[in-house]
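Across the two complexes that follow, subunit A remains constant while its partner is subunit B and subsequently subunit C.
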Partner chain A sequence: MRNAETGSTVDMELEEENTVQEIIEGAAGYWEKDSGAYVLRKGKRLLRGQQTVLDAGIGNSDDLELIPDPEGG
Partner chain B sequence: MSSPHIVGSKDRPIREREPPPKDRRTAHKWLNDKAKEEYLGLEEKGYELYISKLAEEKIRNHASSTSSDRLEVMGLLLGNIFRCNGNEYALVRDVATTDLDSSSVRVRFSRDGMEKLFASLEDAGFNYLIVGWYHSHPGHRCFMSPTDVETQRGLFNKRFHSAVVIDPISKEIEAFYLDGSKVKSRPFAIYWDEFQNPYYGETVRRKRLAGDAQPIKANRR
Partner chain C sequence: MNRPIKPGESDEDRMERSRRVGWIDLDRIGKSRTLVIGAGALGNEVVKNLVLSGFEDITIVDMDRVVLSNLNRCLFFREEDAKRRSFKATALADMAQRMNAACRVSGMVMKVQDLDEGVFRSSDVVLGCLDNIAARLHVNAHCCHLGRPLIDGGTLSTSGKVQVVIPPDSPCLQCSMNRTHYRALERRFSCTGSDTTFFEPKLAAEITTTSVIAAIQVREAIKVLSGREDRCLHHLLRYDGLDNQALELEVPLDPDCGLHRRQ
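And now, the complex of A and B:
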């Protein structure tokens, strides 16, 4: 998985039942980010929080990217 | 079932590269007097943020497109980080945005617009970093609101991350960054690539040449 804000990458070991939310939390925790402020993409597709690895069709060596979801005021 | 766990990591190295030279950069035409002075003060030393003419036009056009309804706009700054003589700087080459949920005092990416945003990231055509974000304050001038500061702290807290705030009604623009817990203004330059029109912000008139036809003068009687 790639952190789009720094270009850093991590390799993650996942199980089919892991959710997208858990993946985001794992990566955001590692990079010391607030997981609630990020979304995860696989190509042009948004991976939704409650989807599992199986539902989302995440396979071995897939590239995922953590994208910031800012709010302005 | 176990939680996802990280089995390896890699940081992206920062490449050495000269920033855009003086003859291919200028101050933004919407800088206020104080910001223009700060810009001039850094001409020799260089800047920590360079925004391409293309990205700047997209930001300005985006902000202006909804200014009559006083709706905020927002997008991500796509670029890279480089180092020169020990100093890091960010080069913004392009921007990415999508449909927005916005009012005159608040803006977010629309939940249904994420795939459109991702399509622009996929089509960026270079190995980008998201080096910050931009948003507009139509008619409210340029500053970092408490929500903006919260966003900057949570998402864009590296030294090289910038928040560009633009007011298309007052015609002002300013960039900010986090220095520890403080928000500071960041002077920046607009740059263009060699093949682009260098006459940013100026009207170009063709010089009259000796062989050109003279304008016809009306006879006065």
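And now, the complex of A and C:
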């Protein structure tokens, strides 16, 4: 898992039934992120929050990136 | 027989250099109606680009007033506007109108949630320049329901995004949201039972990133109105100004998204 804002990385152990939302919240909590909106990227694809690890096709040693969703205008 | 030409006449045409681009349909752009929702930093830059690009009928919607901290990134606002607490929508419309007398730029001071559906219906393209998720969801729902192209921009510090929604086929803004978006939305409108408190986070913002995002939004609007949807952003562009990176990301259409189920 990569933090898009800082470039720092951490390994994350996931089960097939974990959802993308849980991954986002776990990573945001680990990096003590502000309480804003975040999305998760795998390659060039944003992952839907309700998808599970299995649905999203996340496999061993895949790189995921946690990205803040810019809310400002 | 062709009309005789005169030396230097090309410099007498405001849009002459734009015509040289070739694929831009200036006639359609000039006749189109454009709705800009949000008159903050993105709204200022977007409206500037629209007027310069030949858009002649622009409606701006915003409920807020100008404050001094807007002036690091809002081209059209002045210190006098902050002192007078001018409404952003009308201050922006007045200044934009001065750029080209042929334009009709109007400002509507209201929450987007109070905007008549007819305004959406009569618009050819909608540019989202908003600063909160609730308003984005509202605009997104109306555009999807009425089949109006929506080009949404967002910024945070030196990063930003642009998402193009062309109903009914495109994934919409709601398709890319998850629980963190709804939690952010809940924090903004916190109801204690006896009253509702509004939490407005002060987000990092600077003009260079705003300019980039606004420029991309308007260029996508030009493509939509010029019949070049085939060259539009298919989904979402993420821009990182610190690392000079731009990445087009695919947003999967959410089969559970109510806006698509109805279509």
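Simple rule for what comes next: the second predicted complex is superposed on the first by the 69 of 73 C-alpha atoms of A that agree within 3 Å, B and C clash if a C-alpha of one lies under 4 Å from a C-alpha of the other, contacts with A are read in each partner's own complex, and residues count from 1 in each chain.
Here is the rule we use: contacts are C-beta pairs under 8 Å (C-beta built on N, C-alpha and C of every residue); 3 or more make two chains touch, one makes a residue touch a chain.
As the structure is a prediction and not an experimental result, all values here were calculated from the model.
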Partners on subunit A (subunit B, subunit C) - clash or fit: clash
Touching partner for A:50 - first (subunit B), second (subunit C), both, neither: second
Subunit B versus subunit C as contact partner of A:11, first or second or both or neither: first
Partner chain in contact with A:35 - subunit B first, subunit C second, else both or neither: second
Most subunit A residues touched (candidates subunit B, subunit C): B
Subunit B versus subunit C as contact partner of A:69, first or second or both or neither: both
Set intersection of subunit A contacts, subunit C complex versus subunit B complex: 4, 37-39, 41, 44-46, 67-73
In the complex, subunit C residues that touch subunit A: 38, 40-43, 128-133, 153-156, 159-161, 175-181, 183-184, 187, 201, 203-205, 235-236, 238, 240, 247-252, 254, 256
Parts of subunit B lying in touch with subunit A, wherever the complex brings them together: 1-12, 72, 74, 76, 105-109, 114-115, 117-119, 121-122, 127-131, 133, 135, 145-148, 150-151, 154-156, 158, 161
Parts of subunit A lying in touch with subunit B, wherever the complex brings them together: 4-15, 17-18, 22-23, 26-27, 30, 33-34, 37-39, 41, 43-46, 65, 67-73
Subunit C-touching residues of subunit A, taken from the complex the two chains share: 4, 20-21, 24-25, 28, 35-39, 41, 44-50, 67-73
